[in-house]
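Below you will find the structure I want to go over with you.
Going in written order, the chains are labelled A, B, C, D, E and F, and every chain counts its residues from 1.
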Amino acid sequence: MTEKPVSRYPIPRLEDLPEDIRTRIVAVQEKAGFIPNVFLALAHRPDEFRAFFAYHDALMLRESRVSKAEREMIVVATSSANDCHYCVIAHGAILRIYAKNPFIADQVAVNYRQADITPRQRAMLDFAVKVALHPQQLEEEDFARLRAHGFNDEDIWDIGGIASFFALSNRMAHLIAMRPNEQFYSMGRAC
Amino acid sequence: MTEKPVSRYPIPRLEDLPEDIRTRIVAVQEKAGFIPNVFLALAHRPDEFRAFFAYHDALMLRESRVSKAEREMIVVATSSANDCHYCVIAHGAILRIYAKNPFIADQVAVNYRQADITPRQRAMLDFAVKVALHPQQLEEEDFARLRAHGFNDEDIWDIGGIASFFALSNRMAHLIAMRPNEQFYSMGRAC
Amino acid sequence: MTEKPVSRYPIPRLEDLPEDIRTRIVAVQEKAGFIPNVFLALAHRPDEFRAFFAYHDALMLRESRVSKAEREMIVVATSSANDCHYCVIAHGAILRIYAKNPFIADQVAVNYRQADITPRQRAMLDFAVKVALHPQQLEEEDFARLRAHGFNDEDIWDIGGIASFFALSNRMAHLIAMRPNEQFYSMGRAC
Amino acid sequence: MTEKPVSRYPIPRLEDLPEDIRTRIVAVQEKAGFIPNVFLALAHRPDEFRAFFAYHDALMLRESRVSKAEREMIVVATSSANDCHYCVIAHGAILRIYAKNPFIADQVAVNYRQADITPRQRAMLDFAVKVALHPQQLEEEDFARLRAHGFNDEDIWDIGGIASFFALSNRMAHLIAMRPNEQFYSMGRAC
Amino acid sequence: MTEKPVSRYPIPRLEDLPEDIRTRIVAVQEKAGFIPNVFLALAHRPDEFRAFFAYHDALMLRESRVSKAEREMIVVATSSANDCHYCVIAHGAILRIYAKNPFIADQVAVNYRQADITPRQRAMLDFAVKVALHPQQLEEEDFARLRAHGFNDEDIWDIGGIASFFALSNRMAHLIAMRPNEQFYSMGRAC
Amino acid sequence: MTEKPVSRYPIPRLEDLPEDIRTRIVAVQEKAGFIPNVFLALAHRPDEFRAFFAYHDALMLRESRVSKAEREMIVVATSSANDCHYCVIAHGAILRIYAKNPFIADQVAVNYRQADITPRQRAMLDFAVKVALHPQQLEEEDFARLRAHGFNDEDIWDIGGIASFFALSNRMAHLIAMRPNEQFYSMGRAC
């Protein structure tokens, strides 16, 4: 058993980071009780760090009719389609917490088609996984299918935007071989 | 949220089952504290049930230089390659217990290439996943690679045989839409 | 031209085999006039041999509304999808004999979509090949399509079960590089 | 069982064909004892017929260090990669006759990697199937591998040219749903 | 930056070519102002050259209800599906000229689903690209879809025939690493 | 011929945009002579707009040993792998200008393996396209191959980061069906 490092790239020391980045990381640490590795690993490049989390927040924290749990479902389903170690484990934890459901993250990660989700959520994940894997095949009928489930065009931008952002995020995680913190594995489980 | 049934097919009552099958199921229940759904779901067809578990035991319980934890790694890695809900969750639990490692199952399920495993185990899983996904491309060099890691021909039969058996098992689970018991999700986690 | 052996693994001598296995093999030999290589090759591991043929018989010999010729069509179509030398040749021979049709096996092996089969058989093979290649994508509508052709749920288990069992069988044949007996190539041909 | 027609398109009557085409067809009929369906099916368009067979002959009849049996192996392997009913059956027959081997065509069609062929022929078929399926990935090292087996650049043009021509031929056969004559199924078999 | 040769194979000198081939090439040169490389590269083998261009002309110059611009769309879409450098660049130029549209070739090459074409042309290209990439999956419903857009069976042969011919042409271009003339890049652009 | 709109979503009027976004757009317009559609289309969501261009600039404008022309090659090659209409056309124009080469963009878009680039650039694009299409298969040997061409770890982050960012960018372009400005088609061509 060989334990692998957090990232292929150097991890900066907190005290060497620009003020705004250190402040953000400390705030996360106070809230979560630990520093998720993505903050340390991406801080290697401050400008990309700032843009990455600004984009993340713009999609994941905005007011939306797609619930926060549903947005995390999108992250887990598309990150699993990309076999992304960090994102499946870390966002699986967040999904369990938001959904108050200890099973849902593993179900969505293994095969969202068999998960205990509503038909509306199933349609949402079909669309998101298509954006993740075959975006060039998006057609009007894909939009029509979501509208038939009550999603409007802004909801669809949210769904597609999250799938697009995690296409970037998953690839950065693979590039730097980013590892999830051990805490994520058990968070939100009923045990 | 719609909770789905254990199987697309009827689940027999314990008292209606042939004696040998009921005995086996009761023994499992006493050991595990619950009846894993695969026993109930496959008992719908007693002859196939008997053959299925005889095959399972022949591979998973035999004396082998491939450890029991490693055999479960093969199950999890190939079942994940097949997106098999039941097998990833249930055998993930068994893997955590055998390996005494609360992280390993999720790591192997999401992307075994990034898991905390030895180079020998990595070669083993590369071979097993090739058997699962592209068996027609097996060549002498695949065998040579395993031998270079110290596996002998009987070990290789074990590895390939388990990947082959779970090719069957995963497909049956998909056919009948078999669901894992809730207990499996948290077994062997350090929480 | 290099003639390849029957199996990558040792072939046991008949007299060294356990009684029950030798008896089964001798019975086959008396009926067929030769010993199909699968019996010799798998006898290398008696426990797996017994489970393998018990499973085979449970599916291939049971009373079913899926005819024996149709079951062999499933074997040929899915084994061809897996490029399995042994299974396509050996079960192609059996299919020709059961269907009393010298052309059907080659047609199903090359491209079952163009074979001289009924629409009901076409639907059956579409389902079986999906189980073989993309089992994670099985949906209720796949079942509905078979039901529209008059198949009931037990028929569907037969179809999916055979495709699942030969997912195992094809992989074992690839693992051990099993070769078909020369007799199979010409059996059941009108020449 | 529904018997399908020779072609999706009309089959011209011999007496309605242009003289040169009728002459060619009659000559084939005299030699083979029957008219292979490809001649009747493609005669629907005389200009394309003439170009098709001119191209065929330029590759398949020319002097070459790639033997006629080897050229037919290329046809069978690549046509099988394209699931082409007509070409696998018809050229399988020709391959059996040229190679004086009743098994070789089925072996190459099911999985040429497991066929009884020489390492040189294996390299030839690897190249041909790459031309058939992934021509955009041809690299200098593919040429080097063939040269290491003694093929020169003109041999390689023959191999790649045949794979390219049958890329056309297979697609035309699929387009018109061309069926092989029954005679081809049994020609050259030792039965 | 390494400039690559016109072909992996020798380019014959014009004066060494057979009379009919030289005549054709000179005629093209007079009309176009330069000799497209395909003529020089394929002249390495005169018999194949003659058959190739006879086939090309039979499909591309015949009277047809599929317009010449539409035929070039088929060439560009299918050649792009095959990543064929020569055919996308050279036929892109011809398409721009026939369609009198400086944008259409790049649109069709990058993603014909997003090009400014009619629904009828979209259906035509869907069919052509299916012939190029998955010809074994052609079904009656593919024909029905084209007929619903007003195409008759001869039109469909044209569409499928062109896609089939360029399956050959693209593969030959990859085999010999054929490069387009620099003139093609800018022909028909509004600049 | 139906001309399609710039985006599936509403295009804001310049005067309705937040000051910082309008300022950026006006600056681009003054430099380029027109407003590239990506600025108008993404301005529909100001927060995502700001993060998108901050990320873009962090990667595309930073000091790097990967030249600006090479960075645009990465954009064109990966966007072509994703069939992205907007990015291939718009960044193809920028690549032609930076590389002072009217042919390079079309070559890289159709098949970068056949483009007139150095072996170092070939290795760079192999890596970038792997990040775009199969990021889960990145291994140490992929990094070793780049290092053998003189790339250091920061260069590799640049290469992988750009491929990752355009994985997002391409998907957003597909989601909103973004169209390139007509100006891009001819910019930097020698005509």
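The rule is short, and it goes like this: a residue touches a chain if its C-beta (ideal position, glycine included) is under 8 Å from a C-beta of that chain, and two chains touch if they have at least 3 such contacts.
From a predicted model like this one, the values you see are computed outputs, not experimental measurements.
> Considering only mean CA positions as chain centres, point out the chain farthest from chain C.
F
> Looking at A-C and A-F, which one has the bigger number of contacting C-beta pairs?
A-F
> Please report how many Å separate the Cα centroid of chain B from that of chain C, as a whole number.
Once rounded, the distance between the two centres reads 24 Å.
> Approximately how many whole Å separate the CA-defined centres of chain B and chain F?
Distance between chain centres, rounded to whole Å: 44 Å.
> Can you compute the centre-to-centre distance for chain A and chain D, using the mean CA position of each chain? Integer Å is fine.
The mean C-alpha positions of chain A and chain D differ by 51 Å.
> Hunt down the residues of chain D that sit against at least two other chains at once, touch-wise.
Chain D, residues with two or more chain partners: 83-84, 111, 136, 177.
> Looking only at which chains touch which, which shape fits best: line, ring, star, complete or other?
Its topology fits none of the listed shapes; call it other.
> Which chains touch which?
The set of touching chain pairs is A-B, A-C, A-E, A-F, B-C, B-D, B-F, C-D, C-E, D-E, D-F, E-F.
> If we count contacts the way the header does, which residues on chain D are in touch with chain F in the complex?
By the definition above, chain D touches chain F via 136-137, 139.
> Name, in rising order, each residue of chain D that touches chain C in their complex.
1-4, 80, 83-85, 88-89, 101-103, 106-107, 109-111, 114, 116-118, 177, 179, 182, 185-186, 189-191
> Okay, in this complex, where on chain C does chain E touch?
That would be residues 111, 113 of chain C.
> Given the complex with chain C, which residues does chain B contribute to the contact?
Interface residues on chain B, with respect to chain C: 8-9, 44-45, 47-48, 50-52, 54-55, 57-59, 62, 82-84, 131-132, 135-136, 138, 143, 153, 156-157, 160-161, 163-165, 167-168, 170-172, 174-177.
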